[in-house]
């Protein structure tokens, strides 16, 4: 007897749960050749709003965890991704039309990115921080801290690696994320959400929206409870309008990336705030 | 008393002599190493303490701004980018020395034009200006260690717009790191306080800085807008959040690198285990220093409820000894409000505070007949929903709120769209550090307040802006990594 | 220090044996000094005293010193300066405290106290002369009656305070009997640093009792904290408070034999204690910085600090004194300068 396949329903990932879009909308995800693959949820502005609430609620726990702990949690994502490699290779070959070798390479890169960034969690503050030799009887240090909730527009290309390369660095310092996945390659994003849901990453730390970046990004850029916007994957959008919207609450804005997103500690520190603490110093 | 009926504490009017100043009746714009006539309208800068005219200056027009930017561009493409870091540093060292040599003159000019007490311009502002140039001078040939990887590069031409509260100090905060990093500059001082920037231009001439490396254009908001939107590579602004927002909008999509140092509504948190006498000094320093015209002023006093009465009593006692008056008098603690416009805003918000039910108390000081003045004032019984607990007043007005637990103090302190600074007063180290950790603010002073140092990064969270000034972090605002493409 | 403190003779006021560390320490009742009972409560135990002192707000040294430095930048006008110079003279305890002191030296000092500037007889007299106990009779005789100048005697095994309580009390009684109207006692810094606040307290109370004259009146008691040995500002605040609770009329910084002696921040801190005591009780306690104040300019900074901290009513000899010797001549030279318009020199004032 042949087994009749059970197709997966690809939903959103918000607050550690997998809801459908509140709008009830879906859109067709096709293969590179245009054949139907799945109906992905088409997130609405209200889903974006819910995602921001979930992300905000998760800030204190995630940013309050020790760097050592966050590092282990992020490393665990790499472990789980490795275990489900086949699924990602399968999706990437179907959706993006990659060869198995190319898909395999992309999964490798995604796993390695998690590992690399995981290692930064308890180190970036040493690189970005300072003891400051002020001219007076004061102990003075500068430390980087997560900025809070970061809305990310993921790159269109490389459904898995592109996504990982923008969300992992944001998570390192303790930010939480609302990410708009690649519109054309959303399946890896939802599958990655399943990895995250079974990993130790607390619910709400990463929230994944699928659908139209052009529709969702303006709501996120305009949302007062978002602290920073990463437009790495927004090169095709009207991103100067997004920047204008972000200006309303002086959000930190990372401008669109041209070309592949490279790993760098600067991606980590970009989404941090430097806090400088003075304390008086005296023996008597 | 033997000498007279008056108090021993009637300190001498000890005015710093203005004879040290050699002011011109009118000033042009400083472009390409020379003072030139502007093509815009002339306006006067006055002393806010007497309302007397000090000098006439010119509002730079679009043509003037473009000319200044072109000069900066030419200098950037030309001599300045060919100089070694070491030589750029030497120019900055020269400037630092010249500032020290002309310190008294600069201090007098600053107090005259701004209204701040001479003891502050003499003991705080001008020494810090020199320190800022010294600090960044040393960075100019060490940029590989600035944290952007090897061979970072300058951005190009920087447009810098600065406020009236620390005219010369803000100039130093802007120009010193920009030049150290290899940029050239067009700077616009505030409309009401152009004087020290123009004297600084003379210093640049004495330092023989190559023409066009620093250009200074005077004017009001319109000139600033022209400058920000001119063909520059970098915009640095210190001022109100409202204007900062507008600049962020107007530079959107242009790729101009932007740093903003904007408003604040800092909480100054006093716990019941605070070193009380020093906390009182810190509260006074936090809100009455520079007439409260400080973006990082401790304008919200959060005092633990069980010591509120004692703190308020001591604070009022201390405020009663503050001496308001002639900014040029060495004994003056509180000077003049910088402008009539600012005075009106302070009055308006204070009236709202009273209307909202907060209780107002002002220090008993004699208000001079001429000029713009506001007595140091505190409001008690303020709730978090009151406007005086939320809006930046930018004047000598303190709102007093209470809290019961450290957790409540933190949540009230963070309950603001701003996030520039905060103060914590307690003798208990573990608590101080934990609270500092939880506060969402860029600068946190514990058992002290309003301290600045060129090695110490300064800047805000949230709507207080982005980017840091001071320290290694301050260089990043004027550099791009070698990997980032050229402009 | 603690061994010394522990092995010292026991307090005659309680006669009780005190353990160094034992809980029993805490239960010991202290001498029932009136102020302490009012402030702390009737059950005046070592434990209660300790709690009270350790409950005082801490001092942040950086902030305290910054405030003192800012007070030092005040500049006062000429008329105020004229008044200030005379006020300083009126508040000086003209002091000689040397092993080499002789009746002749003390007589010379007293002559200077009586006529500070022979060239200007309008010059006011100093508040007191301050000498060792054995010199009191010579000082009393040299000053004569109705000079308006008090004789202050250092007592209680000055300057170290390291002797038995019996000797300290005898030292005090002798000086009072010889005519000293002010006693400058030292506290037992060893006991204080070892945490035996009760010992220090009881000793002050006992010395105060020893200041009583046959007619029931008391010689004024100044309590020297020796702030240079207490070291921390927190200790200075606690010791100041302790001394006041035990009955001090004045709190005094230093013996002059330990460096640092009086500093502006320490004096500011002691003035803050005095201000707080006044706010609480309405009672006025005096403050005496001693040692190291040599220039008029410095002394004027102290006056400014007094005026801005406790108020100008403290600028009188009953409430503020300078323990000094060379300060007087500098003030006299400044006074001459103000009167003549010319700078004076050391040959135009007298050595004592």
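A, B and C are the chain letters, set down in written order, and residue numbers restart from 1 in every chain.
We take it that contacts are C-beta pairs under 8 Å (C-beta built on N, C-alpha and C of every residue); 3 or more make two chains touch, one makes a residue touch a chain.
Since we're looking at a predicted model, the values are computed, not measured.
Trainee: What is the chain whose Cα centre is as far as it gets from that of chain C?
Mentor: That would be chain A.
Trainee: Compute per-chain Cα centres, compare each with the mean of all protein Cα atoms, and return the closest chain.
Mentor: Smallest centre-to-centre distance to the global C-alpha mean: chain B.
Trainee: I'd like to verify one number: the distance from the centre of chain A to the centre of chain B, where each centre is the average of its C-alpha atoms, in whole angstrom.
Mentor: Once rounded, the distance between the two centres reads 37 Å.
Trainee: Find the geometric centre of each of chain B and chain C from their Cα atoms only, then give the gap between the two centres in Å, rounded to an integer.
Mentor: Each chain reduced to its C-alpha mean, chain B and chain C end up 45 Å apart.
Trainee: Between chain A and chain C, tell me the centre distance in angstrom, where each centre is the average of that chain's C-alpha atoms.
Mentor: Centres of chain A and chain C (C-alpha means) sit 69 Å apart.
Trainee: Quick one: which residues in chain B touch 2 or more of the other chains?
Mentor: As it turns out, chain B has residues touching two or more other chains at 447-448.
Trainee: Pull out every residue in chain A that's touching 2 or more other chains.
Mentor: In chain A, 136, 138, 280 touch at least two other chains.
Trainee: Which residues of chain C are in contact with two or more other chains?
Mentor: 60, 62-63, in rising order.
Trainee: If we count contacts the way the header does, which residues on chain A are in touch with chain C in the complex?
Mentor: Going by the criterion above, the answer is residues 136-138, 280-284.
Trainee: Taking the touch rule as given, give the residues of chain B at its contact with chain C in the complex, in rising order.
Mentor: The touching residues are 1-4, 6-14, 119, 123, 273-278, 281-282, 321, 330-331, 427, 447-448.
Trainee: Taking the touch rule as given, give the residues of chain C at its contact with chain A in the complex, in rising order.
Mentor: Chain C residues touching chain A: 60-63, 231-233.
Trainee: Please give the residue numbers of chain B that touch chain A in the complex, ascending.
Mentor: On the chain B side, the touching residues are 131, 147-148, 241, 244-245, 248-249, 252-255, 260, 262, 417, 419, 432, 436, 439-448, 451, 453, 455-459, 461-466, 468, 471-473, 481.
Trainee: Taking the touch rule as given, give the residues of chain A at its contact with chain B in the complex, in rising order.
Mentor: Against chain B, chain A makes touches at 127-128, 130, 132-136, 138, 140, 142, 147, 227, 239-241, 243-244, 246-250, 252, 255, 266, 273-280.
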